[in-house]
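Labels run A, B and C following the written order; every chain starts at residue 1.
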Amino acid sequence: MIYQLDLIGTAVFATAGVLSAGGKRMDLFGVVVVAMVSALGGGTLRDVILNANPVFWVNDPLYLYVAGLAALVTFYAATHVSRIPPAVFLVADAMGLAVFTIIGASKAFNLGAPYLVVVIMGVMTGVAGGIMRDMLCAQIPLVLRREIYATACLVGGGMFVVLAHLEAPQNLLIPLPMVAVLAVRLAAIYWHMSLPVFGDSEN
Amino acid sequence: MIYQLDLIGTAVFATAGVLSAGGKRMDLFGVVVVAMVSALGGGTLRDVILNANPVFWVNDPLYLYVAGLAALVTFYAATHVSRIPPAVFLVADAMGLAVFTIIGASKAFNLGAPYLVVVIMGVMTGVAGGIMRDMLCAQIPLVLRREIYATACLVGGGMFVVLAHLEAPQNLLIPLPMVAVLAVRLAAIYWHMSLPVFGDSEN
Amino acid sequence: MIYQLDLIGTAVFATAGVLSAGGKRMDLFGVVVVAMVSALGGGTLRDVILNANPVFWVNDPLYLYVAGLAALVTFYAATHVSRIPPAVFLVADAMGLAVFTIIGASKAFNLGAPYLVVVIMGVMTGVAGGIMRDMLCAQIPLVLRREIYATACLVGGGMFVVLAHLEAPQNLLIPLPMVAVLAVRLAAIYWHMSLPVFGDSEN
């Protein structure tokens, strides 16, 4: 169940990556690379830093097939994909974010990382792929500038750590923080919540 | 023989890295960093992701000397180097690409990676250094936009996997895919072949 | 003592990271990420390449708390922090550079890396965080363009290797190269020394 959600999140993030590469005049190869980096970059960085041996997609190339296929479909069906209402994408992206974050935190926890590292690995799994994608596209990463996105990961990662510390049962430990990420993210979209910006007079 | 070709490829990629940094107002240190990243970045990323312990140039610093020396020569002899006909560089670069790709695929195969990962590691070894170089120079990586470059790596990596699966003899397993990369790349240069671009009406 | 210096260097680099993100319209999360990358990026890359298991801050999250706290203080006290004279920052940054470089070289040496790799790991620990920060901000890294900065690391790293080869006593092996980095960097600031720039007629 978690595994299927993870694969769906991979497809969603790959599709979002392709759409964000529009207007950059990338060719088919570039689009696939951007999609792969968007979908797999966060988990790859997490596994490299935690020295999880080996990186998840090296053992299970199904992630590569899913990300590649999603990229190809989006590339060749871009006009159809772009007709999907933005709200559908925002919700799908929020679900992908929730799954990636809590799977990342859970992996770090199972490897015995300290609590703060567990939270950071959750956030990293959720947002680092998008940051790398924007770096590839030579622009300042959107996630560092916009409304509450990473904060949703922080809330979910924090809740995961609290539940893990309290030795919550498995059927709550993973789903509850996922719902928290999703709820915070959807609330932020709905009410246009945002964090203070550096350099603004309020600081 | 393969090892010598690898070192020559390293020098060629370092030189190309320096030349691409022209006009960016980099100082001597910056130029050497860009050259090193161009020449060694792809293999470094491959080894980090495969958890090949340690990264190739940590064990064999000759790669560092070759890349550094090529960078220094190019820096101080830039006016002479820039008089070399572009065709010479394109062919040298194509040979470096062929060597890097198949060495990368071969390393992943010997570490027991699945076939798709073997192909991806070949492509990564061939093109990731150039992508990192362009990211350092704050521009959208050329390889994500231009004519068939990475595709040559894909063809060669795919051929390597097929030959490896068929248990081809060693004296064919490495050279044949190298020639394939070189042939596809040179054909692409000669006939200006390119991949479809995202956003074009043809898609 | 070295450990305390390392933590102070972490705080200084995090603060410098936040200040460099001014004018990029980053939100609180973005500012913290830029600070973390500035302060911890170099050591992280070093540990990943050397396969030091695990990365230093995974075992000792105090580094994360120090970098995060420095980022928050700088974010909310930016008007006060920006009133600190630039000279104080330059000296603090030079001290951070000295500590990071020699700790990085020392770690590589203790892991048995060849001498050239020891020097490179020192330089990488000192400057890679700043390079990643500038890449996140979509600009050509300052350290690749400006006056003698990385060169100070090279001098200190080289001196460390010579002292280590001569089996110098521990109470000299670390402090002496640190002072060398600091001296070269401060001299470069004071006399505006710089390296030749690629493309200038003098080359």
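Here, contacts are C-beta pairs under 8 Å (C-beta built on N, C-alpha and C of every residue); 3 or more make two chains touch, one makes a residue touch a chain.
Values in this document were obtained by computation on a predicted structure and should not be read as measured data.
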If I list every residue number at the interface of chain B and chain C, are over half of them used by both copies, so same, or under half, so different? different
Mind checking the rotation angle between the two copies, chain A and chain B? C-alpha superposition, nearest 5 degrees is fine. 120
Expressed in whole Å, how far the mean CA point of chain B lies from that of chain C is 29
List, in ascending order, every residue of chain A touching at least 2 other chains. 48, 51, 135, 138
Quick one: in the complex, what on chain C touches chain A? 18, 21-31, 33-34, 44, 48, 51, 53-55, 57-58, 61, 64-65, 75-76, 78-79, 135-138
Once bound in the complex, which stretches of chain B touch chain A? 48-51, 113-114, 116-117, 120, 131, 135, 138-141, 143-147, 149-151, 154, 194-199, 203
